[in-house]
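For clarity, chains are labelled A, B and C in written order, and residue numbers in each chain start from 1.
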């Protein structure tokens, strides 16, 4: 079959795969920001046991491979009697994984705000929540934005791991088509899809960062 | 001289009694006593590391004292090991602290807010003033420090002198009874110092009570009612500027003044 | 009566050790090659001839813009369809190196570019050649600056080694998955979990020490 004809025949399947990839991406991403911010704040000033739990959480999640986390939930949980729908379980793993990174990013960003900002708030009579919500956290968002965007780009690439647990995302679709037809065109299309996605995200995030630092 | 009231007739605004403050093993203040009267401008000078900033920061509880008592407008806001001076209720302490304003050496403006937003932040969220009123108030304060054309500028777009004037407007917007200045011109390029000093001078003319830590000797001489010299963890001189600068007997102070003057030129 | 945790692990030690050996071998090779190669690529990207820069730009763009696992699939399953048949280990190592070097190249390049222009001017004024300038002045400064990112890249590479289990090679994670699915017990995952946590924590500690030591001069 001519290349162009072949591409048109497999493209619809690839697009369905892309749909799954994007669904997985957004399902994972949606809770990351709120979780990361809340965890970071709790880690800085929550009660001791909460801080302790969160320390273990970020340590364990950032210290182990994402694929291992995925395997534990997909293959390990059923063995001990926990059966979760595959898609949700995977999205949960991705979400908690990225949240662990964003928590640390936010915590570092909050910690890097100048001490003078707290003092200025104090002499103006602002309460602690006011200080955090109106002065410190808005500033730390801007500090945290570039590394967080970076994590968001990593996430789209990380979603490709669901191919290993047989979810039909772009990557899994490419493998199956290639094995069926003995051609690598589907791989090339998968590459192009990811390159377009990540390049597009790089552009969008660069624009965002520029907007967010308008006051500099 | 007869025209000015004697100290005893005037209202004491801030009273610091036997203040001790240390950081770990380092004693910074050792039994400092100081009264500040309403309408008075006090210049605090002294070598670097002598505890000037610490003294100022104890007044508004940015630093907590190890011993002594501090009273603002009759309310005891802090008292350690001083049973005769019981601390007022939390609410009263908070209200009295609200009567103090502070201007920092490095401005500490909020970088993500415009000049006007910086000024109206606390009036809206602390004093709960209506937004429109706060905006009018904020603009008035910015006009007062000569920044009518910078309402919407972010701090990064302002010169050091302009930033410090926004910081002064921010303090003024809370209608403080006393403003504490911690080396307000030390972070500024020489050509920008004048514009900030002029604003402080104007406030002095309006009889705003102020405590100004400064290395600008001629400025201290010109605006202050009293000069306080700090050295060796305490106040070692407390006199009117004429006497302080022109009839200085104290050898350490004389040496310090000579050094400051020779640095200038 | 099922075996206890330790007996079970002891019984399956050969399989686990095999996987472990594979994982560590892959990681060490990747890290050893990554550091010099990425430095060369970065220098070429900053000051090489235009055609080389273009090629390297496309290279880093492709490898950083797509998932590593897709790269592995293409090389491992796809290349044979083009008549290219290679040792599995060769394929895996090559893909890993290409991917990790792409990321590290950008890190080094960022470090080189952030060096103050005055440093180049000072070298020029002292009559140093371009090679001398880079080797003796710019690169040493860059090393210190990019140390934190490089350390985290080394840890990422370590964690990424487990991706080879996706193409059926017998690394630690693959061995564990087989045990879990085969014996319907999760003990093997616990071993892998502890292994990765332990090694990455040690790496973090060592690298923190290293960073502290080198930031003294900054």
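By definition in this document, a contact is a pair of C-beta atoms (placed from the backbone, for glycine too) under 8 Å apart; a residue touches a chain by one contact, two chains touch by 3 or more.
Remember, it's a predicted structure, so these values are computed and weren't measured experimentally.
**Q** Tell me the chain pair with the top count of C-beta pairs in contact.
**A** The chain pair with the largest number of C-beta contacts is A-C.
**Q** Please indicate the chain closest to the centre of the assembly, with centres calculated from CA atoms only.
**A** A
**Q** Return the distance between the CA-based centres of subunit A and subunit B, expressed in whole Å.
**A** Centre separation, subunit A to subunit B: 48 Å.
**Q** Calculate how many whole Å lie between the centre of subunit B and the centre of subunit C, each centre taken as the average of the chain's C-alpha atoms.
**A** That gives a centre separation of 56 Å.
**Q** Could you please state the distance in Å, as a whole number, between where the Cα atoms of subunit A are centred and where those of subunit C are centred?
**A** The answer is 21 Å.
**Q** Show me the residue ranges of subunit A that touch subunit B in the complex, using the header's touch definition.
**A** Touch list, subunit A to subunit B: 114, 116-117, 119-120, 122-126, 130, 134-135, 138-139, 142, 214-216.
**Q** Which residues, counting only subunit C, touch subunit A once they are in their complex?
**A** Those residues of subunit C that touch subunit A are 61-62, 64-70, 73-74, 77-79, 81-82, 159-163, 165-166, 173, 176-177, 180-181, 184-186, 189, 192-193, 196-197, 200-201, 204.
**Q** If we count contacts the way the header does, which residues on subunit A are in touch with subunit C in the complex?
**A** Residue list for subunit A touching subunit C: 59-60, 62-68, 71-72, 75-76, 79-80, 157-161, 163-164, 171, 174-175, 178-179, 182-184, 187, 190-191, 194-195, 198-199.
**Q** What residues on subunit B touch subunit A, complex-wise?
**A** 60, 62, 94, 97-98, 100-102, 104, 106, 108-112, 121-122, 125-127, 154-156, 170-171, 174
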